[in-house]
Amino acid sequence: MSPRCKVAIVMGKSDEGGEPHRQQSMVVVPLEIPGVIVQRSTSVFGYDDSGHGGHAEIVYRNVRVPRENLLGELHGGFAVAQARLGPGRIHHAMRLIGMAERAFELMCQRSLVRFPFGRAIAEQGVFRDWVADARIRIEQVRLLVLKTAWLMDTVGNRGAATEISAIKVAAPAMATWVIDHAIQVHGGMGFSQDTPLAEMYEQARMLRIADGPDEVHKMALARREINRFRVAPTT
Amino acid sequence: MSPRCKVAIVMGKSDEGGEPHRQQSMVVVPLEIPGVIVQRSTSVFGYDDSGHGGHAEIVYRNVRVPRENLLGELHGGFAVAQARLGPGRIHHAMRLIGMAERAFELMCQRSLVRFPFGRAIAEQGVFRDWVADARIRIEQVRLLVLKTAWLMDTVGNRGAATEISAIKVAAPAMATWVIDHAIQVHGGMGFSQDTPLAEMYEQARMLRIADGPDEVHKMALARREINRFRVAPTT
Amino acid sequence: MSPRCKVAIVMGKSDEGGEPHRQQSMVVVPLEIPGVIVQRSTSVFGYDDSGHGGHAEIVYRNVRVPRENLLGELHGGFAVAQARLGPGRIHHAMRLIGMAERAFELMCQRSLVRFPFGRAIAEQGVFRDWVADARIRIEQVRLLVLKTAWLMDTVGNRGAATEISAIKVAAPAMATWVIDHAIQVHGGMGFSQDTPLAEMYEQARMLRIADGPDEVHKMALARREINRFRVAPTT
Amino acid sequence: MSPRCKVAIVMGKSDEGGEPHRQQSMVVVPLEIPGVIVQRSTSVFGYDDSGHGGHAEIVYRNVRVPRENLLGELHGGFAVAQARLGPGRIHHAMRLIGMAERAFELMCQRSLVRFPFGRAIAEQGVFRDWVADARIRIEQVRLLVLKTAWLMDTVGNRGAATEISAIKVAAPAMATWVIDHAIQVHGGMGFSQDTPLAEMYEQARMLRIADGPDEVHKMALARREINRFRVAPTT
């Protein structure tokens, strides 16, 4: 929905009878040509995901573009998407670690200046339990993301498939946990517009669905693990 | 923030030297009188909580109201608040059960009409696991709310204190769990404006803070439980 | 393995070609007749489950019993088993509530007499959080068991099928949670023979498997729930 | 309790008026000298922890040993204990990863050869969900242990204090989760003596208490984290 956005990348079926991974193509579609109708903006838990303008619902009515607008090969859209998704997923995981660290900071800072019932939150056992859990969770995901990045650099996206799936699942789960507790420490302010916590929370929650829901990544990861135990690997 | 809202109920210190529970008074303040300044609306996770118009930040600058605007007794504001909070909390718990049942319905209905990778979500083991967990959780909270209502009717708010705290904690936790999974079943639609799930999710999450955060209710409940084991109860 | 045990109830296939639920029969087999060989005792997490003597592995070699040893109808063993399982499951759930309450008592009592780092466990926030969670969990399961018992009395085992599955899953999960935390409060003593906690913990854990593992009960419960949303119920 | 055990290392107060960390001494006590009475063996969840013979309750009645039996400095027992605990804790974490990997293998192997209700466990969604979770959990803890080992080698036990506490908490929690699910996949066999799972489960659970309970490590870790946010660090 950003006014700076001038083109859409559209992925659609170009060969319904092809191999499952060779049916789609990607084309670049300028938004101002006839037939492209931006219907509306869609929301993300009450936000418009405005960091990049927000997600539009678009109708393409008899839209035609020249052949040179093809991205990559004809019927090769799936491969283009995959090439982008590995890096995209680790990029999200890195941002989630940043969000979690920011929430952790806000939580600790507030704990030192709020005194419900006369004692600083920082001195309360339940809060300290959260701090320890948060640090243990963040650190584990950080190391898994670093290992994944190293594998992507050394053996490529395909060799890092298990780890990419792992961080795709682990990073949003960790970040929502940390941000959720930071919100709790802030009380009503935590879900208002006065801290970045509420919007970060939605971003993190959304990332359990965007680029493939947790469940799809876990099934793919599990299939590879189980296959290691088959005498003659199948499936 | 609703235009229908004409008065504010203001609770403030009227006797700083009194007993802790006898320091506050409540007064009714018409919004149109001089000195009442509605500064801004505050958001709840990106929503304006518009069911009742939303929460305002209000400044009262040298505002005066006649004595007959006093609610209840002078310095008796705490008692007025308490009288309202027990019923308020069970009311929230009941609404949360309704939200959870609505989310459960939406989740099951969608599971029958979506076929990711060629098989209905309704036939997938992980989804069925969620359905079972959701039903078990909803039913337990429903029974606890019913027991609480029965206690409030028969022995009063004070006699039902443990159960009121229990449902204040258990109902939002259950509802956020159920709604969260219903969102996951809906994919991107789950956090958009096209279902009520995203806004219900925020309502349920907010209710872990509104009317007293989980942690305060759990400490109160635990203190009563532990005291039962003291030879001579104290604290 | 109890020396008081004189007979075994054996369920076996008597009609391999029958309907799935009409293939088994149950017979009473005296342990002292020829061919009955008690091979060994099996353990339950290091215990011998000695409340009733423990579980034996038994080989039946060409054992024959007279027709009057048949329990119920010929090929009706499944029905006999089902008739027993509903009451058996609620019986286990009731015992699990008792175990949880006993663990809760032990946990609270010890919290008042132990002062690690100079402050009673009873005064520590994390412990109080556990106490509140434990009470909330126990009370919810208790109410669900009471409702189940009422349904069994009024509409029978079949009418209470959803609730029987629900308590079969919820009661062991609750009890293991409570007992686990009571163990933690006791430190090394908690897993020794000096309290009943360690053995109760294993009993509770075992009951997530005995009489049907959690996963089977959850699938059955979920299938019924999902079927309510089918236009024409199937499966 | 091992018959090979000939000496006990006894830590006791040698200077009640000293600094808190300079009050204890450690001495080597031969078990056969007069006054050393081995009262009994203590159990660990029904096992005798027999890998090393098991834990004894010992009474020392007017036992005297020569000065050269002192371990380290007089009143320096705390330092001796601390010097051993860092390496001891990472050693336990490493063994827990081994246990978790062994349980993971057993779980996957069994999933391929068991067909409840006609379909291999390996093909069932809930099981695959566990496999994915297990792998993601194991890998995160492994990396955290490796980082901890690297810190201990490069900056010493003190510099690795946060990470040592983190793995002390994270490794048993991960291992109990993985082993618990492997048990569930094995049904009744899972808690019997026919697999190593039941005993590993108790070992892992015990390690949430041995060498300092989770709660103590989390409080220490949290204090250090919170102190980073104090303007002038204290406590």
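Order as written gives the chain letters A, B, C and D; numbering starts at 1 within each chain.
Basically, a contact is a pair of C-beta atoms (placed from the backbone, for glycine too) under 8 Å apart; a residue touches a chain by one contact, two chains touch by 3 or more.
None of the values given here were measured: they were computed from a predicted structure.
Taking the definition of touch as given, a chain qualifies here only if it contacts chain A and chain D alike; those chains are B, C. With centres defined by CA atoms alone, the chain at the far end from chain C is A.
Here the spacing of chain A and chain B, counted between their Cα centres, is 30 Å. Between the CA-based centres of chain B and chain D the separation comes to 42 Å, rounded to the whole angstrom.
Taking each chain's centre as the mean of its C-alpha atoms, chain B lies 36 Å from chain C. Contacts with at least two other chains are made by residues 125-127, 129, 215 of chain B. Residues 42-47, 116, 126, 180, 183-184, 187-188, 190-194, 198-199, 201-202, 205-206, 208-210, 213-216 of chain D touch chain C in their complex. Remark: chain D residues 105, 108-109, 111-112, 122, 125, 127-129, 131-133, 135-136, 139-141, 143-144, 147, 162-163, 165-166, 169-170, 215, 217-219, 221-223, 225-226, 228-230 touch chain A in the complex.
Across the complex, chain D meets chain B through its residues 124-129.
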